Amino acid sequence: MRSLEVKNRTSTDDIKSLRLITALKTPYLPDGRFDLEAYDALMHMQILNGAEGVIVGGTTGEGHLMSWDEHIMLIGHTVNCFGGTIKVIGNTGSNSTREAIHASEQGFAVGMHAALHINPYYGKTSADGIISHFEAVLSMGPTIIYNVPSRTGQDIPPSVIRTVAQHANTAGVKECVGNDRIKEYTDEGIEVWSGNDDQCHDARWGFGARGVISVASNLVPGLMHELMFEGKNSTLNSTLMPLIEWLFREPNPIGLNTALAQLGVIRPVFRLPYVPLPREKRIEFVNIVKELGREHFVGDEDVQVLDDADFITVARY
Amino acid sequence: MRSLEVKNRTSTDDIKSLRLITALKTPYLPDGRFDLEAYDALMHMQILNGAEGVIVGGTTGEGHLMSWDEHIMLIGHTVNCFGGTIKVIGNTGSNSTREAIHASEQGFAVGMHAALHINPYYGKTSADGIISHFEAVLSMGPTIIYNVPSRTGQDIPPSVIRTVAQHANTAGVKECVGNDRIKEYTDEGIEVWSGNDDQCHDARWGFGARGVISVASNLVPGLMHELMFEGKNSTLNSTLMPLIEWLFREPNPIGLNTALAQLGVIRPVFRLPYVPLPREKRIEFVNIVKELGREHFVGDEDVQVLDDADFITVARY
Amino acid sequence: MRSLEVKNRTSTDDIKSLRLITALKTPYLPDGRFDLEAYDALMHMQILNGAEGVIVGGTTGEGHLMSWDEHIMLIGHTVNCFGGTIKVIGNTGSNSTREAIHASEQGFAVGMHAALHINPYYGKTSADGIISHFEAVLSMGPTIIYNVPSRTGQDIPPSVIRTVAQHANTAGVKECVGNDRIKEYTDEGIEVWSGNDDQCHDARWGFGARGVISVASNLVPGLMHELMFEGKNSTLNSTLMPLIEWLFREPNPIGLNTALAQLGVIRPVFRLPYVPLPREKRIEFVNIVKELGREHFVGDEDVQVLDDADFITVARY
Amino acid sequence: MRSLEVKNRTSTDDIKSLRLITALKTPYLPDGRFDLEAYDALMHMQILNGAEGVIVGGTTGEGHLMSWDEHIMLIGHTVNCFGGTIKVIGNTGSNSTREAIHASEQGFAVGMHAALHINPYYGKTSADGIISHFEAVLSMGPTIIYNVPSRTGQDIPPSVIRTVAQHANTAGVKECVGNDRIKEYTDEGIEVWSGNDDQCHDARWGFGARGVISVASNLVPGLMHELMFEGKNSTLNSTLMPLIEWLFREPNPIGLNTALAQLGVIRPVFRLPYVPLPREKRIEFVNIVKELGREHFVGDEDVQVLDDADFITVARY
């Protein structure tokens, strides 16, 4: 189903060169549909503050709560509006090989620059099965492999990564296991992005990582850019830690969703099964923002502590 | 769900100005999936020969044989690759208001310039129901209303058209009932495109039509461009009649599909319930091409009579 | 994908023997989802009053406003709750051969007794294409072919019916063209159900029709049973005419939906593009009920004239 | 959307009483669609050998590789053919609350007796989010909660189980964490099924578990029935261990799929990302069968070692 139109094509090397990729939040309207105005505003904030790529519909963007047609639509929308300025990486991975194939074909057809692919979470499979899964999609275009055993229930064995890394379309690995694992790969010439905001500074400057696929950069894109581009900076890294720790106390993107709503850049709407952080954590966030400086965060409004009644959770959408 | 990104926006006046719009054929791979390479080649032929707009997934493009995700993907693909050069009009109409809303939201989100909307065929509804149906989608962006009672089983009454035409997003009407009906509208300042290739010359030059939404232009885009732009030309119009009559002897796009396959620009693959024309009709087409001149038709290969065995019909895809 | 479980199987002869089949209304909750409690109640009324079969999700049941998963679910629900008492005929037809195949496979898998298949409306195709379309589904189980050119834009030619009728699974034809066409078929031994309530008495008693697939029987199942079973009865037939004429003044099921709501057996909820009849027609209905006798109609509540404000129309559901 | 038809209703107590529930394998045709003939045969083997319930489309049944319409269809099919003889528990859980709601509504509508619900795997959420997720579906009918952190990446905290267990529709918990956890619940009067074949004997006879939701019972239903019903039997339990260990050396259902194919009761077709076990493991299985006695296994054919070429893996279906 491949299209050869030049406009669609980005080289794998282009993807390999990215240092700051944001796993973008998907904002919602009160009825649970996408809030594209808010989304476009978030995209502008990313572009203006130096993000070079975005993951559309990642776990942070709640791709697992989208139907595939919503997901592909969002990729197509992002490419159409911003694809000339920033690399658009669609999370077209799935634990179903059929769905991963279908979504990746469609994502590349609407112009995404690269795909993010996960090993089959929940269902799990053998090492041979994981390789077959990735091989079913690798021929379609530039691809980042994503390893996050705390979500998938299964670590992708390094032997599988090594096999898959030989494909010309493999741009590299988003690795969440830790910096020793990262070093193992970067020593062999495999590009790696840290998937852990708290480890990404060291990964980048001490373990050979190319950069980060970040959640925190949704909030402080400029600081994350500085962390990845301006040289080793343990002071900045330490300064960011309270924010990062706060972000991940509950499974991501619960903290992020709560934070963006309090910064006034998205409506306080949650698709279930996500629910907002409790009030005491919401107060903590406001203090963190004041400590770090409101000017480093996205948005122009005062940060505020939202009330329970301000939040909307939607089950049918 | 609206996006305000400038790149997405085309004014209704831009749509109103189009004279030659092609209801584009969707080509298939042998397994029934879209053949995007062939599709992109068809798009190039349209652009090079002067088409100003395309209908994606119209009845000619077999939108009714697509799943909505395929359909939106094709719109997004077309916008991404060709949207800077040609107007992309998505046939996001449906006999289900829910589906029309869903598809139009998604189509505009991926950047289509206008929507084509049909009245509820097959299910049919009252005049009030038709108005409610169109009003549910008109706010989303520039819209062309499509009237083709021979397919829908129901003529859109002029009173409905007049009501709907008052919406600022209504670009005009694709009208298949005939040139007297067209004149009724154009006299009132409503833009109309003829939906009948055999009547479009007269519609354009004698009944006030803006132009045509054409099937024949898939085959002879240059001649159809001449017919719409270069002034009244009854000779050219007469010359085209044998081709046009041949095209519509069976329900469209059966003739078109057969013709494009014999011109070598698409694979001879039919999604059921369409099946190729029989051999004697295929021979006729080759003679028509020779009569009219191969150089006026799309593609570079010799036109040929395909054998029955050359054709593939697919039921599951 | 066929199952051989005996419980699933009904012979084509069983289907051929049915005289009163109701094209059942699908009732909705205020948010547009199915109202299964109301649906089950309607089913009971049909069974108690002598209907021998139901069409699930026909044009009357607004199958064209359902997603396929809703549609198959409704078939499965009906089979599970009532399949031992009444024949369940799923309208798994489509103008897309792929969808017709998919839905028919699923419908038979969940136990429907027969499929109703339409020729490809709106898209239309050649006679050869229509035959290929039907042949793609006929092997799956007992099938009724549905001809309604006023909806499809295309009369199924008798030659096509004759070809298709030779398949052992073809139970017969639901014919809306008229009683002369019916006689043409019944003379040849093809079973026919009239699809027109106003002609069904004559079709049954004068033109050889097996019976009727009825809309009016949603309202007066007992009288329709009498009309089909108790011998020629021109008086009863004439008595029913005002009701039947009222029912079809706007495209079906607009009248039926309005009537059932005023009888208090369904909530007054319309899925767009259907909208209720205007007040003057709603008053007429109440008078017709009184004339004919409330006791002949389904439901126990007084018939009432609903206000405009009582009706809910839903666009997203 | 609830239906009150008696036929649909099974009491939560009925579900609580089940001791042997099989997480049934879904067999495929060579093109990847369901093989319903083989499925029905597997169902008969379960019924004849004493299984009291089946999980349809569990992780063993590869529900995560189904589209929802396939999944609901399979539930409806199972209810229709076997619902009078065995309890049908649909795995209508999802990591998306929307999907869990939609699937559970549909599953109960087609007559399933109970739902199996998982906490949101992969996406994960907070304890409050997990409770909200389960509360969104619990009102629909009898429900078993499923805890399998090795797949979901997140243990359901006992505090959440205690909250959810108070709902009248909660039948109990399928617990894979181990027998100490099981005892914690059974001491409090919460029903538990062991989700681990290797621990289920002890769970049943020593830790208060009601019974097992078993994979091994696909192969040796009679022995598993004996293990659950005939009293403590460490000898039998030990005898089964080599089979159980073999089954789970790679993620389930890889071993099961391979085993059933070699027993000749299903076609050797795998939906990716599952691939068959390598030849040496296939030989091991044949030896295990011979050791344990062919007569204890499902099917009548000789067990055989299949060749690599006998297996079909499908990616598009």
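Read from first to last, the chains carry the letters A, B, C and D; within each, the first residue is number 1.
The criterion applied here is as follows: contacts are C-beta pairs under 8 Å (C-beta built on N, C-alpha and C of every residue); 3 or more make two chains touch, one makes a residue touch a chain.
None of these values were measured; they are calculated from a predicted model.
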Query: Which chains lie in contact with each of chain C and chain D?
result: none
Query: Which chain is most remote from chain D in terms of Cα centres?
result: B
Statement: In whole angstrom, the CA-centroid distance of chain A from chain C equals 50
Message: Nearest whole angstrom, what separates the Cα centre of chain A from the Cα centre of chain B?
response: 39
Message: Suppose each chain is reduced to the average of its Cα coordinates; what separation in Å results between chain B and chain C?
response: 33
Two or more partner chains touched - positions in chain B: none
- line: Inter-chain touches occur between A-B, A-D, B-C, C-D
- line: chain B partner, complex, touching residues on chain A are 1-5, 7-8, 29, 33-37, 39-40, 68-70, 72-74, 76-77, 79-81, 83, 105-106, 109-111
- line: Given the complex, residues on chain A that touch chain D span 59, 62, 64-65, 95-98, 101-102, 120-126, 128-130, 132-133, 136, 149-154, 250-251, 254, 271-275, 277-278, 313, 315-317
